Structures are given as structure tokens and as C-alpha cells.
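The structures come next, written out as C-alpha cells.
Both complexes below contain subunit A, partnered by subunit B and then by subunit C.
And now, the complex of A and B:
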């Protein structure tokens, strides 16, 4: 199977970042509160998305802040983030995607009303 | 500061330390020839610090010691500090990947829920993850006219329900210390 696509890791990370940002319930993509989670390329760093490859697979790690809402379910939101990241990576030729780790670094409490 | 600038400052700091240490050694009696016999130019420069009178020797020692300290301070400041990973709670783990949430995120959620209980003025929490679920311990400052046990119980129930609903993990225990005083003072525990 093809594990190495035509696009660079940075290009894939950038595309994932944009796709995940559009997922309802995601406030922002972050680098992590203490340790910088990022994909590095020549003269560029995409924070909040880590693309790791081995000989056969691609693993992804996405750091997000969620918007609080009364109906918020982090596992459900994680699944939506995972799906968006996986689809975007595979569309750019990074396949097969094995794991997508989702890290919620923050909850934005001003995003939802009082219950 | 860029990596190049950090490297430059570190090299200059190191050079200052070494240079000052060499001068200090010569000033306190080590022969210049034993340090720099391999470089006559340097040896001649160092010889000017041999056999100083007491006053000049004291000044030389003080200045070189100061430069060594300054160099060490610069080195320490430029040395990259390791950043600790923030504690995280695992919500799901499997072949598709892990889902985690920062401990501060859980604490924020707990604080928000507690603040929605009538009578709660302030709330601070700590969260621990054990095999049997999350253990949440909080301190609440409540209005003087409020019923402490009732408010604490509402806080417990609200936090447990919200965390389990939003995070999808079991909350094993919520302990609340409720008090009339602001949170800097001691409290009364309600389990």
C-alpha cells in the first residue's frame, strides 16, 4: 500500500488544520499549552497538527480547543475531528491513515449559554 | 530570540567565562607559561597579570569573578528550558487513536458547573484520574445565607452529571469543601 503521498507533511498538516477548523464545535487549533505540537517543514511550522509517517502508515495528532455548549460531547466531537483529519490526509495521498489522536487542550466556556 | 542569536550569546558567554577564568588563575599565582605556552601571543598578554600588587590583584580577582558570574547567568538564561507536558485525561483509547482532554479543561468545566449553582460565589477544583474514574475535589465559597450542605450537594451532582455527559467518562467521586469565607480560608467538607 502507498504510505507516502505526493504532498509534503507540512502541506498535509496545513490542509488538516483548515478542515478541522471548520468542524462545528471546534473553537481553534492550538499548539498545546506547554509542549508545542506541530509539523515542521522548510521555513514553516504548522501548529496543532502532527503528521508522523513510518514505512507503511501515517499517524496524525490534532490539538483543538472545543466550544462549550450544553449538548457538547467531546467523544462525538473527537470523532468528527478524526473524520475530517483522516479524509483530508487521505485526499492528499497520505494513506493509509492508521491513528488519529485528538487532544482537547482547552474548553472555551464563552461559546455556550447557561443551562 | 532566534536560534542563531541564542547560539551566538551562548558562545560569547562561554568565551567570557573561559577568558576570565584564565586571567583569574594568573592573577592568583598560576604562571602564564603553564597555561598558554602553546600560544606565545596569549602568554605575553597573560604575563601582564603576573605579580600584581595587592590592590591590582584584588581588582582583577573581583572583575574576573564578576565576569564569570555574568557569563554563567547568560548561559543559564540561554539554555532552553524543558517544557513539561500538561497532565491529560484519557477519554478514549483504541486502534483508531486516543482522545484526551487537558486537566485544566476538566477543571474549567467543573468550575463552570459549580458557578451555576445558586449561592456559589467561587469554586476551585483539582481533578485526578484513577482506574475507577475521575476524582474531583473542589472548594466552594458560598453566600452567607445559603445552606452549605444543600449547596455542596447540588455542586457535587451538577459536576458529576456534566462531566460524565460532556466527557463520556465515569466520575468516581466529587468531594466539595464548602465555606462561607473566601477561598483563602479553610473549609468544611461535604461528601
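And now, the complex of A and C:
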């Protein structure tokens, strides 16, 4: 089922989560009012990251809350998230990555305590 | 991707739909909540906009709660419909006494369109502005007394 030598989907999802969290402009992963997207494994669930594999490809989906800034460009941030997710997955043997869908579920407004 | 999401509470209505910016390496979806926060922030930036307010009973209660708790939520008074590549935005606001409402509305409209386009990559088809009240400083003072 899994490609030879590849890590488990949950391990890959966890690595993607950590990598995407470090992308500048990302506030959190799996945030938002009603995220049900997750990768499920024994005793663990990684929310906000979905790893889907078939025989030939890997498709990823990442749910992100962004940090607001006047210069924010969500399409550009999506590309950075996409790149980080793809690199992690491929480094862990989940390849080739065909698509990385990025969903911006929420926006964190900086300062002022506004939600 | 889960498309069928549950209905949301009133003020977040419409947030269930998301826009999609499709690329060959995957699609990018932006929730209505995100677009609403950007539009609300852009509207508040214009001098003369007093506050964005929800309409109807919900808005009145929210307005009261806001005065008591301090701090509006970023999406209050903003309702957004997002399609694949364009968005329509409704704003409901109070304005300061003495402003020219048509000029203010134009400035708000322009800023909202610019910000949403720049931030989300979405063209804004229309920005409808509903001015629900004029802010008079003395009115606010008497309301403050009533609340206390």
C-alpha cells in the first residue's frame, strides 16, 4: 500500500505541520472555526493537515490561519506553504507530491486584541 | 476537502463558502471570514467611519455587548459572498457627524477593493455600504450614563 520506505501518513503530517508553522506569516495550523481536516493514525491525529496517497501520487491539504499585515498576500503565502509542505513530504519519502491545497480558514489580526 | 460544512451562527453567516484560487500545484481557498476581516479592517482605516455595526436585533445586542466588553469583533457589520474569483461585500456602518457620506462611501469602497484584491487576489465586484446611523458625541455620552 505505502510506497516502499515511506514513513507513516501521521508522521508525514506531523512534519508538515511543524514546517508550515515556521513559514513567516502563518499563525497556526488547523485553526479556524470548524476544521475537521486531519490525518488519523493509531493513537494520534494531526489536525489541519491531510495526507492522501494513491499508488502513484501524494496529495496534501493544509489548513492555515494567517497573520494579518497590510502587505499580506495570501496567494504568495499559499505558495510558501505549498513549498514547505511539499519539501517535507518528499524528504520523508512521500513522493511525488502532485498537489498541495492550501485553505486559509482564519486571519489573526495583529495587536489591539481584535479577533 | 470537506465542502459540506454546517451552518454557522448568524454573524458568521456565509463564512462556510470559500473562494478558490486554482493553480496547477493545488488550489488555494480563502474563507469568507478571512475576506470579511480584511474588508472590515480596510473600511475602519478610513477616517470618518465611526464603527462597523451588525444590523437587526443581533447587531443591537452585539453593539451593546461591545460597549460593555470593549472591542468589536473584526467581522462585525461585514458580510461577504465569495465566488471563484470575485467577491461581493456588504458593509453596515455608523459614520461621524459632519462627513460627506457619498465621499466617505467612495473612499471606503476604494480601500476595501484595493485591500481585498491585493491581499486575497480576488476581484471585488461590488461593495454595498449601508450607513445605519450618525455618531453624535453627545448621544454617546448620554448612552454611557444609561449603561452605567
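Basically, the second predicted complex is superposed on the first by the 102 of 115 C-alpha atoms of A that agree within 3 Å, B and C clash if a C-alpha of one lies under 4 Å from a C-alpha of the other, contacts with A are read in each partner's own complex, and residues count from 1 in each chain.
To be clear about the criterion, a residue touches a chain if its C-beta (ideal position, glycine included) is under 8 Å from a C-beta of that chain, and two chains touch if they have at least 3 such contacts.
Because the structure is a prediction, the values reported are computed rather than measured.
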{"item": "First, second, both or neither for A:103, with subunit B first and subunit C second", "value": "both"}
{"item": "First (subunit B), second (subunit C), both or neither touched by A:68", "value": "both"}
{"item": "Touching partner for A:82 - first (subunit B), second (subunit C), both, neither", "value": "both"}
{"item": "Which superposed partner A:22 touches (first subunit B, second subunit C, both, neither)", "value": "neither"}
{"item": "Residues on subunit A lying within both footprints (that of subunit B and that of subunit C)", "value": "32-34, 36, 59-60, 66, 68, 72-75, 78, 82, 99-107, 109, 114-115"}
{"item": "Residue ranges of subunit A touching subunit C (in the complex, touch as defined)", "value": "32-34, 36-37, 59-61, 66, 68, 72-75, 78, 82, 86, 99-107, 109, 112-115"}
{"item": "Contact set on subunit A toward subunit B in their complex", "value": "32-36, 59-60, 66, 68, 72-75, 78, 82, 99-107, 109, 114-115"}
{"item": "Footprint of subunit A on subunit C - complex, ascending", "value": "1-2, 5-6, 8, 12, 15, 18, 21, 25-31, 33-34, 37-38, 41, 71-74, 118-121"}
{"item": "Partner subunit A, residues of subunit B touching it in the complex", "value": "83-86, 88, 91-92, 95-102, 104-105, 108-109, 112, 116, 165-168"}
